[in-house]
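Shared between the two complexes below is subunit A, which has subunit B as its partner in the first and subunit C in the second.
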Partner chain A sequence: MTMTDTPTPLNRLGRLMIDQPLLPLIGLLILLVAVLAILNPGVLSMFWAGNTIKIAIPLAMLAACQTLTMLTGGIDLSVGTVATIAAYLTATLAPMIGVPPAIAIALAAAVVIGLVNGFGIAVCRVHPLIMTLGTALIATGCLLVYQRYVIATGVLIPDFLIWLGTGKTGGLPNSLVLFVPFAALIIWAQRRSGFGRLLYAIGANEAAARLSGVRVWQVHLALYTLSSLIAGVTGLLYLGQIKTASLSLALPLDLPSVAAAVIGGTSIFGGRGGFGGTIVGALILTVLTSMLTLMQIPEGGRRILFGLIILAVTALFIRLTDRS
Partner chain B sequence: MKRWIEANSWTLGLAVLLALLLLATKLIQPGFGASGLDSLARAALPFALATVGMAIVVIAGGIDLSIAAMMAVASVTGAVLMQGATDLQSVVIVLCVLLLGLAMGAINGLLIVVSKVPDIVVTLAMLFVWQGVALLILNAPGGGAAPWLRSIAAGGLPLPGLDWLPRGIVFLAVVTAAIWLPIRRSKLGLRLYAIGSDALAAFRSGVPVGQTRIAAYALCGLFAALGGLSVTMGTGIGEPIPGPYLLASVAAVVLGGVVLGGGRGGLLGPILAVLILRTVRMDLTLLSVDPNVAAIIEGSIMVAVVMFGAVLATRGRRT
Partner chain C sequence: MPETAAVLDATGVAKRFGAVQALKNASLQVGPGQVVALMGANGAGKSTFVKILTGVLKPDSGHVRIRGRESTVTNPAGARKWGLVPVYQEPSLIPDLSVADNLRLGDTALEPFRHWVAELGLPDLDPEAMIRSLPLASLRIVDLARALAIEPDVLLLDELTAALPTDLVERVLRTVRAQADAGRSVIYISHRFTEIAAICDRATVLRDGLTVGDVAIEPGIEERIVEMMLGGAVAAAMTETRPAGAASTETPRLSVRNLKTGTRLTDVSFDLHKGEVLGVVALEGQGQDELFDTLAGQRKASAGTVEVDGAAQTFTHPADAIAAGLTLVPGDRAHALFMSRSVRENIAVPLLARFRNWGAIRMADEAAKVTSAIETLQIDTRAQGEVRRLSGGNQQKVTIARWIAKGVQTLLLFDPTRGIDIRTKRQIYALVRDLADQGAAILYYTSELAEIRLACDRAVVIFNGRVVDVIDAKDADEQTLMRAAYGLTEKAPA
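And then the complex of A and B:
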């Protein structure tokens, strides 16, 4: 009993992290940037900052899908596939039928995948992990078949996507034009809108939410459709950034997007976290990757460090915010 | 008898489905026989071993996303060490690789228990770590395998009358039974099911939850090492890039009637499910379906069965 009455510095730090989870994360980010600056003096510049933000944005948007689904205790592992499909469809259909219809079809495909996910999870009550992995597998198969039968008319990447993906205005990447309103909307929606609160309610206690009259299946259906739609839009942005239509475009972002959400303090069991932390998590991962690349560690060593750092940050976060 | 059938209805259904599929294969290709069965068994072996490992962890209430990466580590370690080794040395090497698998799994389990981070996150982080380890050991596919190891899972049984039975199936059955049956019958087996069913209740009944969890992950690592060795057995080289074993093993575990979340199911169901999935893949190849279309069909079957099973499970809970 007396233990709790005398707050140790560690306890106080933990309390701070519960109240202001963003502060220690931003501290970690600054620390990483400082280490980077010491290791490699002269690397820090406006150019570097703009590039880092540019690379972090698609990751942060995919991590938004993970944040929203993880708030209800779910996960969406099909985001990388959905983003890839949306990008590939846009790039290959645009020369044939024009840009706007191509984008419409690409986003429609994303919504269809999301609806299938939502149907399986909401109506059949399949575990989200299994369901989204399964649809990702089927969707990848469909993409490969499409790629074989599509008439080879070449690839066209819409100019405004290239402007959005790679362009810079005054040192800042143009993708912020898309990302800032998007992030503001998500951060507003998660706390202030009815839908956002339902996500927290379901994640905290699904049975209680159901008993209070929440139609859980409708929320799940809407959530996974929304998640796929976000992933589809991210795919378009990523297409403009990478400027090639490949069959595995955004697949390597799948697991890092989960890592970004987890580092950002969103609980994988639901009910806790938010998109603000996730954005910082995505920035941390991006800075970390560029740091490991600059240190010229072999690929294997880089992956080991990447995994260990994710684990250490998450463990520390959980240790410090654990009230019991 | 009736109760036994009811209790094992899912497994029996899978067995009937497998038998029907094999019959269909025989109809599609009348020449299907011992050699076809043998290639099926060889293709299914790494998948089956990964599934067994995954099933044990899922029964204990966890999940291991790093299983394919651990298989890669085992595969490259075995292949690098075995290159140019004598038969006697290679036996020692195989034992060492199995110990390595046990150790990797135990590290996963230990990190989960000590850090209190959810197992999905820990094994996700360890997926990167084991991938990195595999790449550091061997940068590109290479190495070698001892001839006796390669012959373990290839061809039929050298027994008169049983030569149609592929060695791969026998190897799988013997290894799984030798490791799992004694554990299932012991205290540890009961504890694995107990912590998967309800960790808090198990803790209050005096089950050492942490130790049991570590044991479950260690067993998973052991089977991952066996799976990795079986990859090397099949190809004769080590593969540093993890194969598609993660998704396939999770799907087979769920198809096999093990409940995600733990506490229910056995190992026979998942193994049957792996064989079913591999047979479907083989049948589609025999029907000369485009492999990509085959992947779509395979995935749709998996998702449909999982959805069907989930609906059944929800119904069962309500009534």
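And then the complex of A and C:
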């Protein structure tokens, strides 16, 4: 015997996952939905689908921040804080100064945090993990100070945010009006804009990017500012969805946003992945949560299972894609 | 056991990566007391074969045995227990540990190591020295001495002498031959025929994933090996020498005066004209790295001037150098490539680097430029989805193609043919000449002296951080260059 060149089925699956990462992810999503349907017959409905999408959208948008930063080998752990601050500022300032100025200030605050992140990472070369955690802490502190000294005359959640966050039209959530163009833009930009390509290049080999004439600090500065801006907009959307202004509104989304990007096939080491997979990753997480909730597992067990499933899926994907 | 029984016996080894059948049927036998050269053009499957021999990869079929034992190797550490120790072009040492700590990690005794380091010409090496602080040439010696101290059944040496100073090369070769004479087995991988003629008993030649020949080394065998590697084609056109270009009186494209960078590059001046290929000859560590890094904007000069088309330039970032038309192809491909990205993305990055190009990419325009660069360089694009899957020669072509797509004005090539096969080398010589004929200016450092005649019009020789000689291509035989590189021809300063 001289030649056997048929790769094992596992190898083939691994190759498929590199070349067409969306297919196995969508397969997994369908599998989860099927399991859910078997465990809870009759749960699947247009109403359920609409709700799942509605809940997945803010997660997917924050996961967009993780996807973009992870492509360069970075991460943005301040997104939950930024979203919370944007939401809180909007809700508390709107009664005093009107809705448009409140939103402008909220988004400006998000951009400032992003610029600080970008400056620290791009110019001072602080590791993104440390930098974004640090600014998140500082920003949370500032929010507490704000809450204490600015006497809010009340909380106003703008009607159009409630429409966007909770409303449905023909069974589909209105937030798709924001999300579909947003997702289309990101997916287009990651392959077909110079900025998007540079994210992959920097993640794959920063020194080589520099050698090719890329001023890496400019990309980092723009990237983290963009990431914060996306987080700020997500905060507004989330405010409309949750309909309360709290000091920890979006914080629980921080780690799931990282998980969604990782499950979606974006490498935390940079250079590989994309937002398409992240969207499916966010849907998988949302379906998983709703499954565990419907199974009426107590909170503790739910968290343990959630963590285990994320780890298992991620480990499986990494193993399969490394084989080939 | 009869004397003819092979110590290492690899037979019928095959390996496929996705669409690429890297190895079809590779075989290699090494007997006791033998040094066997493993040869093959880049893309012939040599790297894959080595990875299988060392246990980094598992073959799809075929077997590898040492002293009759089947390989159960699953990792490089396992290969060592099994009896095979590799030494690579890039030393596998941990930079932040001392020499002695690296030995301990590998469970290697210090005494035999000291013996071999001294034998190899570095008797003063301090075992407490950090790996990071040692020059590359010393690291290769450390790596080799470590392998020798393990006393393996089979020693695998992969491009060990590439860019090593000549005196060390001689010692290394002598030591390797002595190992074989003492009964051990060595697999020797090199592109240098002189070394193979000096120490090898046989050569096994790979082409397109097949072992196509196993010949005894004898005078005149080089031509046959080249034929086997090339498969009969492209065997001519090697001896033509370049007509020296007429000295130009116009403003030079690049004019360097009294350039000083760091401690190694002390005082270098030269002019490079449009249409000229200027060779740079230097032994390891004479300041050539600093020269290229400075011209490419990677490092700052501490003194001296660089003028491009008569205008003084200061580079603080590679982008500045690129804006002035100076583009670098570095010696180490891994520093230049985005391994996990496609060929197209790799080539297109310089087109997108500047802020004003961050918006929508004109895809048709980009595709045209990339395709034309790929065609110019004849890059094998069967595995273009990820550059890491390309052969070394094709990877090197991608690093050059990037600047062709961008438009070449002044190309800084740092040892562009290091570790690649003869066919690709010839393509690169021809390409360099074409680019120069189209008006580009090219600075060409090479660690292979024979290339000066084949690729360059003139060569500046750098020794101890200074230009010590300028030699026309027609006079640039290896002996002349070697004497100059050692500083033997330097005229007393006027």
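Methods note: the second predicted complex is superposed on the first by the 318 of 324 C-alpha atoms of A that agree within 3 Å, B and C clash if a C-alpha of one lies under 4 Å from a C-alpha of the other, contacts with A are read in each partner's own complex, and residues count from 1 in each chain.
By definition in this document, a contact is a pair of C-beta atoms (placed from the backbone, for glycine too) under 8 Å apart; a residue touches a chain by one contact, two chains touch by 3 or more.
Not measured: the values here are computed from a predicted model.
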Output check: A:141 vs subunit B and subunit C. Expected answer is one of first, second, both, neither. What do you get?
first
Could you tell me if A:207 is touching subunit B, subunit C, both of them or neither one (first, second, both, neither)?
second
Between subunit B and subunit C, pick out the one touching the greater number of residues of subunit A.
B
Touch test for A:192: subunit B only (first), subunit C only (second), both, or neither?
second
Contact-wise, after the overlay, does A:258 reach subunit B, subunit C, both or neither (first, second, both, neither)?
first
Is A:310 touching the first partner subunit B, the second partner subunit C, both, or neither of them?
first
Quick check for you: in the superposed arrangement, does A:247 touch first (subunit B), second (subunit C), both or neither?
neither
For A:298, is the partner it touches subunit B (first), subunit C (second), both, or none of the two (neither)?
first
Looking at A:180 after the superposition, I want to know if it touches subunit B, subunit C, both of them or none. Which is it: first, second, both, neither?
neither
So the subunit A residues that subunit B and subunit C both touch are none
The answer for subunit A against subunit B in the complex is residues 75, 120, 124-127, 129-131, 133-135, 137-138, 140-142, 144-145, 148, 255, 258-259, 262, 268-269, 298-308, 310-311, 314-315, 318-319, 322
Residue ranges of subunit A touching subunit C (in the complex, touch as defined)
1-5, 7, 15, 18-19, 192-195, 197-198, 200-201, 204-205, 207-215, 218, 222, 271-272, 324
Listed in rising order, subunit B residues that touch subunit A in their complex are 63, 111, 115-118, 120-122, 124-129, 131-137, 139, 247, 250-251, 254, 260-261, 290, 292-293, 295-296, 298-300, 302-303, 306-308, 310-311, 313-314
So in the complex, which bits of subunit C are touching subunit A?
12, 14, 16-18, 21, 24-25, 60-62, 296, 298, 317-319, 322-323, 328, 330, 334-341, 345, 348-350, 352-355, 357-361, 363, 385-386, 402
